[in-house]
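Note that chain A is present in both complexes that follow, paired respectively with chain B and with chain C.
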Partner chain A sequence: MVDVTDKAKKYRSVGYYPGCALEGTGNGYDVSTRAIAKKLGLGLRDVSNWNCCGAMEVKNVDPKIQTYLSARVLSQAVNEDRMDVVMAPCNGCYHNLKKAEYDLAHDPKSVEVVDKLSAKAGHKAYKAGEAETIHALDWLKEAIGEDGLRERTNGKLAGLKIANYYGCMYVRPRHIFPEKDKGPGSESTSQPHFMDDLLAAAGAENVSFPLKTACCGGAHTLSDSDTSTKLVLNILQAAEASGAEVIATECPTCHTGLEMHQVRAEKRFGKKTNVKVLYFTQLLGLALGIGPRALGIHTNISDSMDLIIEKRLT
Partner chain B sequence: MSGQAAYPAFAGIEDRIDAIAVDGGSEPVRAAAELLAIGEHVLESWVRARGETPTDARKEGFRLLALHRQGARGEPSFNACRETCRELVYHYNLLALEPDHPDTGHRLTLAAMIARHLLLFVGGKLEVAGLGEFCCSSRPLRAVGH
Partner chain C sequence: MPIHEKSLIRPENLKTHENLVIEGIDVSGHWSTFIESRVVTDYNENLEDEIAAMPGADKIHRCWQCGSCTNACTVNAIEPRFNPRYWIYLIRTGMESELLRDKDIIWQCVSCHKCTHVCPRDVEPEGVMKATAHWLTMKGYTPPSPSHIFDEEFTRQIVQRGRIEDTEVLHNFLRKTKQPLMQDWLTAIAFAIGKRLPVKWGIKMAWAQIFKPKTRGWDRARVALEDYIHEVEAERKAVIDGKGKPQQAPMREAAE
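Let's turn to the complex of A and B:
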C-alpha cells in the first residue's frame, strides 16, 4: 500500500494525456486543468505523440484494437517519456486506459494482440504495471488535497450550491478500478465523492444529488437525440430540484451533452432550465483566483458569467 | 413530452410518473410503492426482451435490485443504471419510513425524477440498439449478430 504522503509527492508531477475531446469540445477542461496546475505548482508534461484511446467507436468494432490503442499511449508515456503516472481528465480516456491495464494483466490474448501490433508499429509493447493511470480528481485529491485547497482558496466558493455530476464511466466497471472502494480516503464506486470533497474544501455547498452517476445519454446523441435530451433534461431538473445553481462536471462528453441538450430541451420540448454547467477545474480555478477567460469559461456553451459575477468569483 | 417514450411499450408511463410527482404527496407511501413498481416493470421489460424470465428474488430486500442484477448479467453497460436503481430504493425507503417528514414533497419529486431516468435509460437501450450494445463498456456489435 502506497503511503498517502508518497502519493502526494508522486502526483506532484505527472504525465498528461488530454485525449481528443480536450482538444475539441472539451477545450475549457484542458485550459482550466493546465491553469490550475500552473497556479498550484504542479507539473504536467504531455505524453508525446499520443493517439486516440480507442473511445467507444473502436471498442464496438474490435475491443482488442481499443486495448492496443490505449496501450500504445501508455507505451509512449513509459518508454519514450519516462513517465510512471499518466493523468487522464476525460472519463472515456481514463476508463479505457484503466481497462487496457486490466486486460493486459488478466487476458493473455490481449497481451498477444498488443505485443503483435506494437511490433508491427515499431514500438515497445506496454506491459501491465509499468505506469499508473489516474484521473484529474485523483491527481488533485492526492497532490494538493482538501487541506491544501482550503489554505489556498479561503472558502472562495462559499454560498455556491453545486450538484456534482460524475457520469457513468468514472466508476464503472468496478473491477478495472482496484484502488477504489478501499475504505476511508479512497474513492467509492457507488457514491463517488472526490469532486464533492475538493469543491467543499474550496467552500462550495454540495447538494444531495441523486443522479450523480446516472447516464447522460451521450451514446444516444446521434442515434436518438430525443432520448439524450430527455435524459439530460431530467439531470438538469433534478439538479435544480436539489437546489443546485451549478452542475460540476469532470467528463467532457457529459459536459458537452449537458450543455447541448440544455439548449435543445428548450427548443424541442419547451423546457427551460437555468442551472449552469462548469468543469470542476473551472470552479477550482475561480476559487484560486484565476480569471474566467484563463479558465476557458467563455468557450462553454452554458453562459455562467452572470452567476460568477453575482457570486463575486471574478 | 407526453406520449413520446423512446420505447413504445413504455408509452404512458412518463405521464404517470409526472402525475405521481404532482398528486402523490397526499399518499406518499402509496406513491413511493408505485414508483418502485414502475421501476420493476421497466426492468422486467428489459429482462423479457433478453429472452429471460424476470426473477422474483430480492436483493437487500428489494426485487428491483435483484432484477437489475439479472438484467446486467453479461451486459456491462447496463450497470450504468445500477446507482439509479439504488437511489430509487433509497428514496422509497425515505418516503415509506418517514411519510410525515417535512421534506416528503421534495423527496417524492426526486423519486419521480429517478424513476423517469430509469425509464428513459432502459427505454432508450431497448429502442435504439435492440439488444445490441452501444455504450462505452460495450461488446462488439458483430458478436451479437448486428
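Let's turn to the complex of A and C:
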C-alpha cells in the first residue's frame, strides 16, 4: 500500500517544471495550474533556468540527447534548487523525465553519455533516484485528494458530463512508470482514473469513455495532418457518442491537437463536432470558484463560455 | 476494427497472354493465367546492422515476431499496410527490396508507444520505425519526410538555445516543407482565438519572436551537444559504409 499521508505532506510544496508548451500554445494549462495551486494553498516553485525536455522529436535524432536534456532539468532541480519532487503537468515532459530516470537507473550507456555531456556543459550530472517526477494529477490527487476537493467544491460541477482523455505519454510504455499498476490507490496504465476521481469529487458526471488512452496523433499534428485529423475525429465522435459535453485533458499536445483538428475536420472533411475541450485544471478551477479568465479559458481554441454559463460555473 | 482481407498474390505477378496457342489449343485470356514466382536474390546482409545503428533501433535483434506491435498499432488500424512486425522481419532477413515497397509510409508512425507498451521482448518497435525512416532518407531512398524535417528543426532550436518557440517551429516547418502559412484551418483557428485574446497576449507573442526563449548559460551545452551529434552521425555513417558494427542495447531486466 502507498503511504498516503506521507505523500500528502510531501506534495504540498513541489518543484514546478512547466516546459515549453505551457509557455506557448498550452498557456491555459499553466495559468490554471498556478491559479488552483494558489487557491488551494499549495506551494509551486519553478525549476530555475530550465531547458526543453526533448519533447517527441529529439529522440528521433538521438535518444540519448533526449535523456541528457531531461537529466539536465532534473539536475537543475536537484543541484541548483534543492528540490526532491518535480511536478510536470505536460505529458511529454512528465514522460521524458520518467524515461530519463528509468534509463539512468538501468542503462550504463545512458549514464555514460549523460555524465560526459553534463561535464562538458559545466553542471553536475543528475543521478537516478535524486528526485521524484510526478504529474499534475499525482500532485492534486495526493496533496488535496478527493475528500479535500469534495469539501472545497460542494459538487459545483454537478450535471456536467465529462469524457476524461489521458492520451499516450501518461501511461505508456508501462516500464518507465514503476509506481503505476500497483493495486488500490495507484494509477492504472490500462484504465487510468486519477482525473476521473478528481473531477468526480468536484461533482462531475464522468461518462464511460473507451478512448481514454487512444492516440490523438499529436506527434504528427503538422507533419501528417490528415492522419492526426482522423485520429482526433475518432476521439471527438466517441466522446459525443458517450454523451460527453466536454473532454477533460491533461496534456498540452493532446489538448491543442483536439482543438486544432476539431477545426480542421470541419474545414477539410466537413465533419462538425460540438464537444468542448478543457484542461482538467480549468474544470477544477471553475469548481473552486475561480473565474474563467483567471483560468485562461479564453485562450483555448474551443469556445466553452456558453456551456460554462449554461452550467452556472461562473 | 475491420478485419482486413489481404491477397498473397500481387497483381503485378499475375501474367495472362492475350493470344496464346499451345500445341494447337487456344489458351488466350484467362486460360493462360499463371503466377510469376517471387525470387529474392538481392539480400542486403548488412541491413539489420545498418538499421540497428540508427537512433532508436538498437534492440531490433530481440524480436520474436509475435506480432503484438502490429496488433496494438494506432496507424495499422487506419492503414493496413503499416505493419511493424512485418518490416522488422524484412529488416532482420535482409530483404531490402521488399522493405522499399513500403518506403513512403514507414515515417507515419505517430509515437503512441502502444507497441513498446505491449512488446514482450523489449524491442521498442516505435524506435525501429523512426530508425527505419531515418535510414531510408540517409540512403537516399526517400526525401526527408515532413516528420524528419520537423524533428530536425525542433532539435536545432533546442541545441541552439535550450528551448523552442512555438511560432518559430511552425513557421520554419511550413517554410521548409513548402506549405503556405495561410492555410484555411490555421487561419480559422487564429481568427477564432484572435478575437478573444487580450492585447497583452499579442505583445507577449511578438516579444517571443524577437527575444527567443533561451536557457541561460547554454553555450557550453550547445557545444557539447553539437560535438556529440557529429560523433554519433559519424558512427552511423561508418556502419552504413560497412566499416563498423552497431552497439546492441542490453536487455531490460523486467523483460528478461
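Here, the second predicted complex is superposed on the first by the 312 of 314 C-alpha atoms of A that agree within 3 Å, B and C clash if a C-alpha of one lies under 4 Å from a C-alpha of the other, contacts with A are read in each partner's own complex, and residues count from 1 in each chain.
Please note the rule applied: a contact is a pair of C-beta atoms (placed from the backbone, for glycine too) under 8 Å apart; a residue touches a chain by one contact, two chains touch by 3 or more.
Only a predicted model underlies this, so the values are computations on that prediction, with no experimental measurement involved.
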item	value
Combined model on chain A: chain C and chain B, fit or clash	clash
Chain B versus chain C as contact partner of A:F269, first or second or both or neither	first
Partner chain(s) touched by A:L288 [first = chain B, second = chain C, both, neither]	neither
Partner chain(s) touched by A:A158 [first = chain B, second = chain C, both, neither]	neither
Touching partner for A:N49 - first (chain B), second (chain C), both, neither	second
Touched partner set for A:G24, first chain B, second chain C, both or neither	second
First (chain B), second (chain C), both or neither touched by A:L69	second
Larger contact residue set on chain A - chain B or chain C	C
Touched partner set for A:V113, first chain B, second chain C, both or neither	second
Touched partner set for A:A105, first chain B, second chain C, both or neither	neither
A:G217 touches, of chain B and chain C: first, second, both or neither?	both
Contacts on chain A seen with chain B and repeated with chain C across the two complexes	56, 59-63, 168-169, 172-173, 214-215, 217, 219-220, 223-224, 227-228, 230-231
Partner chain A, residues of chain B touching it in the complex	1, 4, 6, 76, 79-84, 86-87, 90-91, 106, 109-110, 113-114, 116-117, 120-121, 123-124, 127-129, 133-142
Complex contacts: residues of chain A adjacent to chain C	20-21, 23-25, 49-52, 54-65, 68-69, 72, 106-109, 113, 116-117, 120-122, 168-169, 171-175, 189, 214-215, 217-220, 222-224, 227-228, 230-231, 259-260, 263-264, 267-268, 298-301, 303
In the complex, chain C residues that touch chain A	55-56, 74-75, 78, 108, 110-114, 116-117, 122, 124, 127, 130, 134, 145-152, 154-155, 158, 162-167, 170, 173-174, 177, 184-185, 188-189, 192-193, 196-197, 201, 208, 213, 215-218, 220-221, 223-225, 227-229, 232, 247, 249-250, 252-255
Residue ranges of chain A touching chain B (in the complex, touch as defined)	56, 59-63, 92, 95, 168-169, 172-173, 190-191, 210-215, 217, 219-220, 223-224, 226-228, 230-231, 234-235, 237-238, 241-242, 269, 271
